[in-house]
Each structure stands twice: as structure tokens, then as C-alpha cells.
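Mind having a look at this structure? Questions to follow.
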Amino acid sequence: MSAHVYKMIELVGSSPNGSDDAIQNAIAKAGQSVKHMDWFEVVETRGCIIEGKIAYWQVTIKVGFRVEDH
Amino acid sequence: MSAHVYKMIELVGSSPNGSDDAIQNAIAKAGQSVKHMDWFEVVETRGCIIEGKIAYWQVTIKVGFRVEDH
Amino acid sequence: MSAHVYKMIELVGSSPNGSDDAIQNAIAKAGQSVKHMDWFEVVETRGCIIEGKIAYWQVTIKVGFRVEDH
Amino acid sequence: MSAHVYKMIELVGSSPNGSDDAIQNAIAKAGQSVKHMDWFEVVETRGCIIEGKIAYWQVTIKVGFRVEDH
Amino acid sequence: MSAHVYKMIELVGSSPNGSDDAIQNAIAKAGQSVKHMDWFEVVETRGCIIEGKIAYWQVTIKVGFRVEDH
Amino acid sequence: MSAHVYKMIELVGSSPNGSDDAIQNAIAKAGQSVKHMDWFEVVETRGCIIEGKIAYWQVTIKVGFRVEDH
Amino acid sequence: MSAHVYKMIELVGSSPNGSDDAIQNAIAKAGQSVKHMDWFEVVETRGCIIEGKIAYWQVTIKVGFRVEDH
Amino acid sequence: MSAHVYKMIELVGSSPNGSDDAIQNAIAKAGQSVKHMDWFEVVETRGCIIEGKIAYWQVTIKVGFRVEDH
Amino acid sequence: MSAHVYKMIELVGSSPNGSDDAIQNAIAKAGQSVKHMDWFEVVETRGCIIEGKIAYWQVTIKVGFRVEDH
Amino acid sequence: MSAHVYKMIELVGSSPNGSDDAIQNAIAKAGQSVKHMDWFEVVETRGCIIEGKIAYWQVTIKVGFRVEDH
Amino acid sequence: MSAHVYKMIELVGSSPNGSDDAIQNAIAKAGQSVKHMDWFEVVETRGCIIEGKIAYWQVTIKVGFRVEDH
Amino acid sequence: MSAHVYKMIELVGSSPNGSDDAIQNAIAKAGQSVKHMDWFEVVETRGCIIEGKIAYWQVTIKVGFRVEDH
């Protein structure tokens, strides 16, 4: 990792299927505009309940990616 | 949300299948006596180990529901 | 306080006017069904943004009230 | 614990004698109206000082109890 | 919220008038360059004192906004 | 700030009017005996409820002030 | 509590007898120079072990006392 | 639990499949050398991203096991 | 303490008598296999309730002991 | 600071030399694309060990910079 | 430590040279008016950035000192 | 990291020279008996003061190392 510098962004992914899937959605989306993503950390897991059932899982993650040299 | 007031209750759900399933059990159970549940937050994830295997996943959640007007 | 026992409940109040007003709404609402409320603590302050303006302030509080003897 | 669901309530017990005694008072009181209490956790320990001496110990605990099936 | 992904940014707003006003300044400013802001959370409340009076309130908030599809 | 050293004290201000006012009371009071106060941070916001209304807002703050050279 | 302002100091009391006794020692000592102490909160409980036994209990508390008017 | 004493160890399990699976790997591995494991708690959930996809889930857990008498 | 290195282990002690006693049990037990224990810190205080009474106090502590030179 | 609004970004700097140097690397790098940086806060200090020695220090910081008017 | 009582004060030291140096400045300054200082704990590490370089390191510490008998 | 499992131990290193040096001492010492150490995290930074000067820096770290297959 030597002289690299990483930036962290915070994202909230959502999914009707489960908490792991919500994380994968957030990373897939971020991957469209961010390169060199290296790791993520889960910050918070929440969800939305509609008529007594979990309608969406919402997981807040931090994603670290390498800042490229100019 | 305007003038609504929400109350939060803390529940521990359990399941032999996984952490997401434990949350769903807690919400299904709460739904038998609580109406207008709107969201949940995961507070803690634990589990019980029997003979070297996870016997039960136990997830503590907070559930928010709307307090009805009298 | 001697031999008294207090119970704490967690509420989310909301208001379009400000954070202090959201707390007062939650306490006014709780006062309809809970007696002997003695103190509150602010747990979290959030809000809902619509078209770039704060539409509602949402403040999560804990309210302590004295449990009456039976 | 299998398919059980537990609910947690937050209580503040007080006692002139000490912190352990304040917890026991809170649980004894709660036991008058709540059945199937299984465990507690200490959240905060405070106290009231009158004329330079501890007049009351006040301990905030969370108590978990099993929600019965309907 | 289904398949949406949200990004969170952290801002510090300031105001000579009060803490609520400092939050509104931060959101008004952010609204000039960020679209689809949905909610905020208060992270920290501080202030600057000059000659024994509060000169500026400084409130750190996190703002969540929807990431648009490309 | 160079070689300066700052000391922080913790105060609880109260006010019947609101949370911002409770902070200002604490700082005004502290200013009677402490010089060179530079900033404050909010640690906790609580309040006292009497007959279902907020009687006093109580805000705990840390105040930083410059230690003068001897 | 109206217009009062309280100051909080942080103390570490110690005792060979137990955690409650360590708190009482800290408050008794503080009472020699501080007037109008009103409450305390436990911040941390530690201890010193000598030859496999607890030699001293060390409890860090915050004590709140009323600042008198000048 | 009477006179039992439990020791807690902190482990990081990893899995390409999901967060629950990473926990099960850590417990299965620990079970090769530790007996009488009774419960676990999730401390942190992270992951490693390679080419825009989650390559490994990494979950830090604490595992409690009973210390046997000598 | 100069060039010494200390290791910390996390233990859960239990006792039917009280929280201080649960800590002493954990340290007495640890002292059978660990030498040079120097201090402990309380991490969590919980308990087990049976028929409305505290059956066992369970206190999680960290114990620091000096690593001997080889 | 009056009506200014600040944005905070989270960075991870690394260095083989020490923790202070890792912070300076992160700020130097950020300074290539961000103007008006005013302060930083340390969030986490970690490091990478290779063959029993610290190969890289990795320090996560938050950097606050002033948002310019448009 | 037996029957001693310790008081803790919170200080912010600053230095243009590094984080360790900022701590030493705070302790050297405190030593001019406080006797019997025994230990310190780091609470927060921040810094001030001027023209893209760290101008001052600012480290908040708590210092514990023994309260003398009267 | 695939199917690997890591164990984390908590150590306190000390040094008269500075905080970075205290960490290096802890890791050098741990390296005498632990293989495959991969990373560390700083948990707490404290120090011992003798006659108004820092006599020892004491840094608590967590060290992660790979558990070998049997």
C-alpha cells in the first residue's frame, strides 16, 4: 500500500431480498463511476416494513477506493 | 411524516437458518400485536453455538411504528 | 427517588418547524397515554428533505416515567 | 431459543444501598407485571448526592423477556 | 426505495442564529450542486465563542441523496 | 494555535425556552469566571418534564478556553 | 433547575473493598472542597491486580455540582 | 452459569459466499482447537472488492467458551 | 513499564451474589493459568433472571498481564 | 466562519515511516485536487505487518474544506 | 493507590511538529500549575491545515492527578 | 483471504520514546511467539507521567494473524 492514498465514500444500498444483496447492489452501482474499489465496511443495517413484512433491506456501507496519481 | 409520533420497541428474533431470517421472525411476531410498523434497525447480531455449530442466530432490532391518534 | 422504579420508552417526534418542536410533539403525544413522565434524553436528530428544503425534523428521544405501585 | 422472540424494556431502578440493589429493585418491580424475564444488561449507573453523600443509586438496565404466542 | 442506491456526504453548516439555522444553511448550500437529497442526520453540534458569546453555531450533518442511473 | 494549550470544562446549562438557550446560559455563566473561551461542543441534550410539558431543557456542553502563560 | 448552571468534574476513586465503595471515597473526598454536588455518573470501572487478587477497585465518575451566582 | 468462567476470543472469518457463511467458517475453524464454545457476537462486517465485485466477506466475531476446571 | 509488553484477554465471570463477586471469580479462575496479571477493566455487566430474581451476575472484563521475556 | 459551509471527506493515507507521516501523505495528495482545506481529524490508525515488522502505517482521517460560492 | 482519589482534566495541546509533541506541550504546560500528575489518555487527534500543509497538530488528552489530603 | 480464518489478540506496548515506538515494541515482542501476523489496529493511547514528564507511552493495539490449518 506504500505511498497510496485511499478515499472512502458512504453509500446506502437497498434490496427486497436480503442484507447481503443490498450491499452488492450498492457496490455494483458505485462501480459504474468509481474505479479501483478495494474494500467496504458495513456501517448500519436497517429496513422498511410494509404491511408487516420487510419490503426493503437498506444497508449503509463505506467503500474505500484508491486515488489515482495525476 | 408531519405531525406523526413514532414509538420504537426493541426485539430479539432467533432462527436456526441465518441472520436475515431471525429478523423476519421478530417482525412477523411483532406484527401480531403491533400495527403500523414502518422500519427497523439492527442493533446487535449474536448466536448460540452447540457442539461447534451455530444452533440459533439471535438478532436484536429496533422497530418503529406510528402511534395512532386517540 | 428512593424506592421508585422508572421505565424508559423511545419515541420519534416530527415537526416542520424545528428540532425543539419535534421533541415537544413527541412528549405531548406520549402524555396522552403515559403518566408521571419525568425526563427525556435526545438520542438522534434527523430530518426529511423535499426539493432541497427541510420538510420535517425527526428527533428520537427517550422518555423516563415513574412506574406506579400496584 | 429456536423460534422464540424476545422483547427488551429499559428500566431505571433506585436504591439507597448500592448499585446491585438498585438493579434488583428494578427487576422485582418489573416482575409484578412482566412474565418470562430472562436476562438484563446494565446501560448506565448514576446516583443522586445529598449533602455530600450518595442518597440514591440509580441504575438503568435493559430487561429481555420472552414474547408468548397468541 | 427498491433498487435505489443512496450516497451520503458529510457537511458542516454554520450560522450566527442557532443550531437549526446552521443545518438549513448547509442543506441550502448543498442543494446548489446536489440533486435528489432525501434526508439528513446530525453528527455533531459545536460552536465558536467570541468575547463570551456564541458567534457561530457549527453543525456537522450527513446528507443522503439518490444516485441517478446512467 | 501554535504553542497554545487549551483546557476543556464540562457544563450543564438549563433554560425553560429551548436547547439553544440552555447552551447560551451555560456560556454566559462560565464567562463570569473563565476568560479566553474559544469553542464549545454539545455532549448531551436532556430535559425535565413537569405535568406533561418540558419544564427545563438541560444541555451538557464542553467549553474550550486558552490557558494563559504564567 | 430553571436558570442554574452545573459544572461537571471527572474523578477516579479507589478502594480495596469494591466498586461502590470506590465511588463513595471519590465523593467524600470531593465534598471537602466542592459544595452543592447533585449527582454522579459512572464512566469506567477498572482495578489493580496484585498476586492474582484485586488490590484496588478504581472507578472513574463524573460529578455534577451547581455553580453559585456571584 | 453459576460459578463458570468464560473466555472470549476474537476471530475474523472469510467467505466468498456471504456474511453468514463467513461467520460459520470462523466457528468451524475455531472448533478444531477450542471446546465448549457457547455463543458468538458480530463485531464488524467488511469485505474485499476485486474488479467491482465482492471477492470475500470478512466478518469479525467474538466467541465465548467455557474455561474448564483444572 | 518501560519496555514491557502486556497482553489483554477478555473473560466473563459469573456469581449468584453480585457484580463485584463475579469479577473476582473471573480473576481467581484466570489466576490458575495466567501469571503477572496487573489490571482489569469492566466491559459489560449482564445477568440471568430466573423466576423474577437475578440467578447469576455475568460481568465481562478485560485482564491485562505482562508477557514474560524469552 | 459565519455563513460558510464545509464539506468533509474521508481519506486513508499510508506510509512506511510512521503514523504522522501517513496523515501528511493523505493531505498532500488531497491538496492536488481539493482547495481550501481547513482541518483534519484522525478516525482510525491501523497498519500492515509483513514478516513481523510494520510495513505500512494506514491512518484514516476526515478532512474539512470550505465549499466555494457559485 | 489504596485510598487515593484522582481528578482528571481535559487539555488540548498543539504543536507544529507532530502528534506526540502536541501531547508533551500540553503536559509541560499543565505541570506549571498541577502537581502529582500520574497518567494521560488520548481522546482525539486533529489538526489545522494552512495552504495544503499541516500547520498545527492538536491533540486532546485527559490527564489524571492525585488529589492531596487537606 | 478466501477460506482463511484470522485470530485477533489485544496487546499493550510501551516505550519511553513515543507512540509509534510503543506499537513497534508490542509487535516485535508478539512476533517472537506468533506467526503470520498481518495487520494491527490502535485501540487506545495512554501514558505514564513521572515528575511532569511522559515516562512511558502505552498503546493498546489489536493484532490479527492467520490461523494455520491442522
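Think of it as A, B, C, D, E, F, G, H, I, J, K and L in the order they're written, each chain with its own count starting at 1.
Quick note on the criterion: contacts are C-beta pairs under 8 Å (C-beta built on N, C-alpha and C of every residue); 3 or more make two chains touch, one makes a residue touch a chain.
Given the structure is predicted, the values throughout are model-derived calculations rather than measurements.
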- Neighbour overlap between subunit H and subunit K returns L
- Item | Approximate Å spacing (C-alpha centroids) for the pair subunit B, subunit K | 44
- Message: Can you compute the centre-to-centre distance for subunit J and subunit K, using the mean CA position of each chain? Integer Å is fine.
- Response: 23
- Item | Distance between chain centroids, defined by C-alpha means - subunit A, subunit F (Å) | 38
- Would you kindly tell me how far, in whole Å, the mean C-alpha position of subunit L lies from that of subunit B? 38
- Which subunit A residues reach two or more other chains? 9-10, 19-20, 48
- Note on the structure: Inter-chain touches occur between A-B, A-E, A-H, A-J, B-C, B-D, B-H, C-D, C-E, C-F, D-G, D-I, E-F, E-J, F-G, F-K, G-I, G-K, H-I, H-L, I-L, J-K, J-L, K-L
- Residues of subunit D touching subunit G in their complex? 18-20, 44-49, 52-54, 57
- Of all residues in subunit F, those that touch subunit E in their complex: 19-20, 23-24, 27-28, 31, 37-42, 63
- Task: Please name which positions on subunit I make contact with subunit H in the complex.
- Result: 9-16, 25-26, 29-30, 32-33, 48, 56, 58, 60
- In their shared complex, at which residues does subunit I touch subunit L? 1-10, 62, 64, 67, 70
